[in-house]
Amino acid sequence: MEELESFDRINVPALDEVLGKKFNVLDDGFVRVVDYMGGDESIVQAARVSYGKGTKKVSEDRGLIRYLLRNHHTTPFEMCEIKFHVRVPMDAWRQWIRHRTANVNEYSTRYSIAIDASQKTNPDEWRLQAKDNKQGSAGFFDAETGSKFSKREEDLQNFAREIYRERLESGVAREQARKDLPLSTYTEAYWKIDLHNLLHFLYLRMDAHAQYEIRSYANVIGNEIVNRWCPFAWEAFKDYIINAKSYSALEMEVLMKIINGNAAEAVKTAGSFGWLNHTEKGLSKNRERIEFEAKLAQLGLSKPW
Amino acid sequence: MEELESFDRINVPALDEVLGKKFNVLDDGFVRVVDYMGGDESIVQAARVSYGKGTKKVSEDRGLIRYLLRNHHTTPFEMCEIKFHVRVPMDAWRQWIRHRTANVNEYSTRYSIAIDASQKTNPDEWRLQAKDNKQGSAGFFDAETGSKFSKREEDLQNFAREIYRERLESGVAREQARKDLPLSTYTEAYWKIDLHNLLHFLYLRMDAHAQYEIRSYANVIGNEIVNRWCPFAWEAFKDYIINAKSYSALEMEVLMKIINGNAAEAVKTAGSFGWLNHTEKGLSKNRERIEFEAKLAQLGLSKPW
Amino acid sequence: MEELESFDRINVPALDEVLGKKFNVLDDGFVRVVDYMGGDESIVQAARVSYGKGTKKVSEDRGLIRYLLRNHHTTPFEMCEIKFHVRVPMDAWRQWIRHRTANVNEYSTRYSIAIDASQKTNPDEWRLQAKDNKQGSAGFFDAETGSKFSKREEDLQNFAREIYRERLESGVAREQARKDLPLSTYTEAYWKIDLHNLLHFLYLRMDAHAQYEIRSYANVIGNEIVNRWCPFAWEAFKDYIINAKSYSALEMEVLMKIINGNAAEAVKTAGSFGWLNHTEKGLSKNRERIEFEAKLAQLGLSKPW
Amino acid sequence: MEELESFDRINVPALDEVLGKKFNVLDDGFVRVVDYMGGDESIVQAARVSYGKGTKKVSEDRGLIRYLLRNHHTTPFEMCEIKFHVRVPMDAWRQWIRHRTANVNEYSTRYSIAIDASQKTNPDEWRLQAKDNKQGSAGFFDAETGSKFSKREEDLQNFAREIYRERLESGVAREQARKDLPLSTYTEAYWKIDLHNLLHFLYLRMDAHAQYEIRSYANVIGNEIVNRWCPFAWEAFKDYIINAKSYSALEMEVLMKIINGNAAEAVKTAGSFGWLNHTEKGLSKNRERIEFEAKLAQLGLSKPW
């Protein structure tokens, strides 16, 4: 294996510039970078350990990183590590903490008095339940209705905080006094993760189906921080993961027939997949067909049924 | 490697008897076993793969399991897997979920309406903040004071639920409507874990310093479930982990001198560790010394300083 | 949450039929199922915990499993667990063990005498180094040349075993005596993993670029075992992962232009990605372009440059 | 939470001094630090996030780190990360890689020609099989016998390398040509791990029962590297883990009686544990009793039976 010429720690000046800087999220949350190890350079360095001598000339860094990412050679991306200090409502933190391959130290409300801040919802931020997605929201309430919700929220958050203080002042144990704090209460944590697992977190949480609150954090981490830290990896991630399109084996079969002008064959094949069952009111609802139709539209193609 | 004679799945009749049975915890929580794989028998089976042929006669199962556990041969314990259905207040679940080596499917309050139950604190259950332990509780309030706390809690929980219903009925998205629910709201989950990691969970959560709520769950899982599932492993765990005592290198040095009657030497050594610094009011507070004194007392020995 | 009506352990009769049966792999290896927990049914059960009451009618099992898999809802797949007994050459095991989210007990050559078997290569099994893939093979040697390699291999394996025996008979410690055994020596292990992580293993190791030896094991595990254990999950995995096609953001841009008949625009866009740099000998080698051309061909489309 | 005053990356000058320096291990192996994140300071920083404001004065760093370590507050130790470049015989690497909570990029012998070095055993390094420990060694062969073993080893390693070269020169695929290389062949890797998991690795691999080869690496990592990187954590680890003594519940019961002069009671209790079964030849072999006797001797106490 080729001798490394230098063993200074890898520095990424573009990230150093924002070290410690708070990127604000929601009404009172933030994300900031506390420390990091490695960068694009260490992805390349790790890949080249696998390849041994003499490969430096073959691929330049950007190309190599793109090659690794699209071929699922994920281990070199694990060689980069980053540590954040985050301030997040507990409700969003409940989702965040489900990502297990990370190191966490959270502010303890057993040991200390809970952070005196709850996420407040402005009148124009109240979201309507989505009709077609049981776990989503779609559109906003008008400001007038929103004002009523916001007022009621304020009352509830104030009452909860009043009771919390009452308990503490009376000597109730902190670990018990906190039990009725609202999920909107802010918590803080150090959160440390490697780049491979961070990108997976971002893939799931920057997705349009992720809840607005955690998505806001993910967007900041991705666009403001990873973008500075590992620009080649970030670009490759956007090209090959975030903005890529996947076609299932079934979709490929039908798509090829459509592209090659065999509409009748395409319909027959789709039918054999159970996509085209009819009811009195027309085609019955079939998720797989509906998703495929959206992909066809995106390609500028019409559905042949 | 020796041929296994039979390949039926391993069954543990004592656990089968309680499969699906709800063990109640707190006012409205429970734990129950949904499925499992393996038992004491599979720990032994796995250990014997490592040892190859002909070891069956050497050790009998109980002795082998005890040997493995006290010598940190942990991998055979990973060969047992268990799946629970649990109902837990979110506040305790926040601690629970920090154990990362487990598989989890939690009830979704984005998709469904939150479980209509919050952990209620009875008048005699309000705990005082511990004086000597910043993250603990010690003793209870009298029933009269407790009644006031309980009444106030009821008001808060009712108000929070009222607002939650109001939002849902007005069409606020479930994912947002839930944001001010109290941490005392119950959640449910499937929780699947291997025996090695479960024992580690129990070690930390059955500990006297663990919060009462999660400790209650841990005690049920340990005493009612693991006890039936893997009785040899459970016994060994109690003997070698839960009820074992550890002496640091420093403690051993002082202890040996005390046991051998060299009180003066013991004092000198303890002094060299910085355990015996004096202030005007006597010995200054030193955690390591205080913990050692407790261990001495437990052994029926007096401190020599 | 809906009450489960029954709490018998989940059984999969199709898998029970092959419990303990050795599926032979390579010249002297095998895979067999020792125990398992769950099946398609428990994926559905876990998903429905997340969704709460009343969803049973909405989706039938197959549809739900397909939905979960294509939308990256991976946690329900973690609720299935399987334990294998495998016999594998150490060289393939070195790759296998890189999958970290599994439980392992391997045969110990510190404790026991190494298994007296090495993977032998038949005369017609010697593979040529691939020209276009530094880490692959392509085609076979003729039998005559292969015979020479096989004879030399036999000599080496015999010599290594002779020296190993010599050392053991002279009293060399087993842990040291083994140090020069060839990587082709067989080892055995119990290997336990959840379905989600097993599918990821299969995705990487059934791939045409995986080494023949480990691919042989992966194919048996997938086609013979998972296929029986969780047929819906297996089908979905093949449709959405194994046989799916992914198009990068760049590929989508060019593809849409080609499909819509804008060849000139497609060429321009490809050029802006650096795919069409010219040298004296024509287009310079560009991996991303070459991969895209293969995808075009698969769709029955011609490249516009 | 208290504002951090400064956000420069944490540097540890004592470790910087040896960054990139090869610490030699065995005849041709090494360990060196490539990069790191954090140090004692970041353990303290992470712990204080949990504790919130105002704790800085309460504990000084060394005391806090010792407190965390002996009370199993392990998460702050996960906030330190280190990346090594190692060169290790594959036989030892097989043990090393069993530690799953680490990131790894290993030199690929599919892609590149295997490193041309095998671990050689000097005449005075051949170890005898331990009599009382099936998986250990005890003592050495005399140099004359050792010379014969070393000569034979050389022949075998040369023969294996000759055949490897023969295959490569004939065009056999690298991935197949390597299949009969001896386990003594050196490999290289980048190995990245957090401090908590590294200490666990060291606990198991610095142990007297660990195999000499991997123990040699562990000793270097611990004494030469962690010692410089996180001196307080390292000291605490030695005091509370490496050099601590643990007494099982059973041992504590008997020990207390012995210390308090109740020899007869101690014997009775030990008997009730099954430690004192007699055969014609005296006390039958009982591992738990034998281990306890060794602990008594260490305390300067005689066994009462």
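As written, the chains take the letters A, B, C and D, and residue 1 is the first residue of each chain.
Following the convention adopted for this analysis, a residue touches a chain if its C-beta (ideal position, glycine included) is under 8 Å from a C-beta of that chain, and two chains touch if they have at least 3 such contacts.
What you see is a predicted model, and the numbers here were worked out from it, not measured in a lab.
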Each chain counted as touching chain A and chain B at once: C, D
A-C against A-D, pair bridged by the larger set of C-beta contacts: A-D
Geometric centre distance via CA averages, chain C-chain A, whole Å: 27
Whole-Å gap between the CA centroids of chain A and chain D: 37
Per-residue overlap in chain B, given as positions that touch at least 2 other chains: 51, 104, 108, 111, 134
Interface residues, chain D side, partner chain B - complex: 51, 63, 66-67, 70, 72, 134, 204, 238-240, 242-252, 255-256, 259-260, 287-288, 298-301
Residues of chain B defined as touching chain A within the complex: 89-91, 94, 97-98, 100-101, 104, 108, 110-111, 118-119, 121, 126-130, 134-138, 141, 145, 149, 152-153, 155-157, 159-160, 163, 166-167, 170-176, 178-185, 211
Complex contacts: residues of chain B adjacent to chain C: 1, 4, 6-10, 16, 19-21, 32, 34-38, 42, 45-47, 49-53, 75-76, 78-79, 81, 83, 85, 103-108, 111-113, 115, 188-190, 192, 194
